[in-house]
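Residue numbering begins at 1 within each chain, and the chains themselves are lettered A, B, C, D and E in the order written.
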């Protein structure tokens, strides 16, 4: 499973499907405000695309797509985006995670919440995607050096 | 501003440190420790400020995301939660300082993730302490639990399996908790604790509400390690690395006990909770008896944890002010005792290479200062007057006598006698068995981590050996042990002050306020 | 098992969780969210608003849990290659 | 009686599922089977919340310009949905950590059978 | 008509759970568990929780399945009970 498969059909199908899954993931992420979807589902779909590549073309060959040694750091960055937003809101004089006190005063509060949600969901997407890939890599001991 | 925001800052700073550590660790591996120490110190200061704010201006209710409580999530910093969060941040600071040398010795390859995971554990526990929302409590509980599983899984060969058993039990406990919350939510329509308390008189006679409480208590009992479901605790504590045990043992189970107080406060301590008192009494007796039968120090301490969590639960469920103060005092005392005992045990394991009681001969001459701290903590566990343990037991006893429940008085006294037994067993082995020459050989052979003993050969002259035998823990490990050991005595001396100024305020309103 | 029979029936509009104000007079969160989610954040998907605004701390906890799982697995499983 | 069943059959099924999960966690000897039982318990708990959010005649909690927002009876309750979104994530990550521990156990003992593991941990 | 479909889904759910627990071959059990997850997702959608149903479908049938297969690949495929 960590190695490359020997069947060309599987490999071609994997290579072809993974970008489509990831495209759907991005769509789902941005569609979250208007219908079912959002940061978490988008992140899971993006992660599923990467895992499909990991399984079909082999862990070594898919390193160029998402490197195993960077996933944990990226997951942390995703979480920092979320927690950092909250801290910035405290510095802006509000409660923790109060988007109405973010330092972008030219927007009216409702739209600040709108973009605040979008920004936070960006953090969720990045964090969930890389976090799930990290767990998979660790279970299968994908080499990361 | 810091004091006003302290309810949010206490957990969030820990979590922020946890996620910053991998990022800085990616560039410089050695930075993890400094981030962790700085954060623990900062949180300690913040929780001190928060406590001061609470004592002067009353309870802080912090509305996360700026929404009023039934809509948003509320964090509550009242005297009780301020007390517990101060305790958490204090022991966190001590443990993180202590951990530096120990982690470098025990887990040299995993320094960075260790600090990150321990920060997650602390953040989860602090969040559990402060939150006023039942579902948010579940989220923080899971953060703490996942960090705990990971920490306990590193250790000797048997550690992953014991951690796995803890995981299955803990997940079942969390599922029970969530199911209980679901029943309460369906019957009351709200998740905020204050709100539930105000709705509860209308729906009190529905079975769903009561079963919800029972399920929540069952879920928490797993986390606390009460008697019938305590099996995960000794295994997990014994096989894990000593740093992880030091981090989890003093505060992990106590926070679950504290959450029990919070949940029972919603219900104003219903009478059917008396069953739990009997469970607690069984826990005290069984824990003490099993502790005596153990050969390994860490295992003995783990079983005595079961007994002590029994004391705390007993104090909570007796539901009168005296016993309640006793329980809170015991949370403080027991956390400090376990801090010293497990820290010392970690040092012993590193220097002597063994934790088996029967091979402790000569241990006082090798590590005199550690022995001093160890004995103080054991005295506190038994309840000898100048130490803090005496006063918490006195309050528990007074509480039990006030409700005229003589069986519980008997259980506390019996357990004290048993505690004396294991104290003397240790003293007997450590001080009164003659120190034999052959023991040196044993120590040398058994200790793989030996640093100073490495050059000593058994054939050297006794005098030469005497001078090289002193093998204390490193200074960075010794300082926290001594601070906490002195703290135990200080808590004993100033117990009246602590109770009057802090714990009296923490008693729920429906108990008659106890004036010292 | 016996307890669930005592719960409000499924889809019951009179269940406590579906009211506008509860027995003690405080607003019930669910109904408030439905009425005000669009006003407060201009976002039609109520679940999204509740997730990322009203109860954003839960979501932060969720993300931290994912991170905890990732670093927990890293801590438990990853070892230096010789 | 029939009303009771019609209103509550979902709860009964879910309690049954919860029992099955508990049974699997206690009785099954293979660690993977225990993990499966764990995921069943979590699913059952999540479903109980979802059932509690259902309203007769309510639509999904996404704003529809044709349906008035003022009458909350016309939309499902979004709160349990949100909470369960979080709970699902937590469940998945717990499963991930449990796999990590199971793999770690297998590395040390080369078996996943609980009885054998208990024997081997005792004899040392 | 609505509640009959739901009843059927619940029945499949329970049966899938029991089969997953009783299969000796862990890989087959995992596939059955994926069916179980998918039934849960369908039930959620039939109760109007589209977001949650979507998540459960993506997670339960996708990620958890992958993790299970990965863990079984790393350990063993046979089960004693």
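Keep in mind that, in the parts below, contacts are C-beta pairs under 8 Å (C-beta built on N, C-alpha and C of every residue); 3 or more make two chains touch, one makes a residue touch a chain.
Here the structure is a predicted model, which means the values were calculated and not measured.
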**Fill in**
If chain centres are mean C-alpha positions, then the most distant from subunit A is chain B
**Message:** Quick check for the class: compute each chain's Cα centroid; which one is farthest from the centroid of subunit C?
**Reply:** B
**Message:** Can you compute the centre-to-centre distance for subunit A and subunit B, using the mean CA position of each chain? Integer Å is fine.
**Reply:** 36
**Request:** Determine the centre-to-centre distance between subunit A and subunit D, using the mean Cα coordinates as centres, and give it in whole Å.
**Result:** 24
**Distance between the centres, which are taken as Cα means, of subunit D and subunit B, whole angstrom** = 30
**Asked** Could you state the distance in Å from the CA-based centre of subunit D to that of subunit E?
**Response** 11
**Asked** If you look at subunit E, which of its residues touch at least two other chains?
**Response** 50-51, 55, 59, 63, 67, 70-71, 74
**Request:** Could you list which residues of subunit A touch at least two other chains?
**Result:** 34-36, 38, 40, 72, 75-76, 79, 83, 86, 96-97, 99, 128, 131-132, 135, 138-139, 141
**Fill in**
Listed in rising order, subunit C residues that touch 2 or more other chains are 4, 7, 15, 17-18, 29-30, 33, 44-45, 47-48, 51, 53, 55-62, 64-69, 71-74, 76-77
**Fill in**
subunit D residues touching subunit B in their complex are 18, 22, 25, 31, 34, 38, 41-42, 44-45, 48-49, 52, 80, 83, 86-87, 90, 93-94, 97-98, 100-102, 104-105, 107-109, 117, 121, 124
**Message:** Could you list, by residue number, the parts of subunit A that touch subunit E in their complex?
**Reply:** 1, 35-38, 40-41, 44-45, 47-48, 51, 55, 132, 135-136, 139-141
**Residues on subunit B engaged by subunit C in the complex (per definition of touch)** = 15, 18-19, 22, 64-65, 67, 70-73, 109-110, 113-114, 116-117, 120, 123, 127, 135-136, 139-140, 142-143, 146-147, 149-151, 153-154, 160, 183, 185-191, 195, 198-199, 202-203, 206-208, 211
**Prompt:** Across the complex, what residues on subunit E touch subunit A?
**Reply:** 50-51, 53-55, 58-59, 62-63, 66-67, 69-71, 73-74
**Asked** What part of subunit D is in contact with subunit A in the complex they form?
**Response** 62, 85, 89, 92-93, 96, 99-100, 103
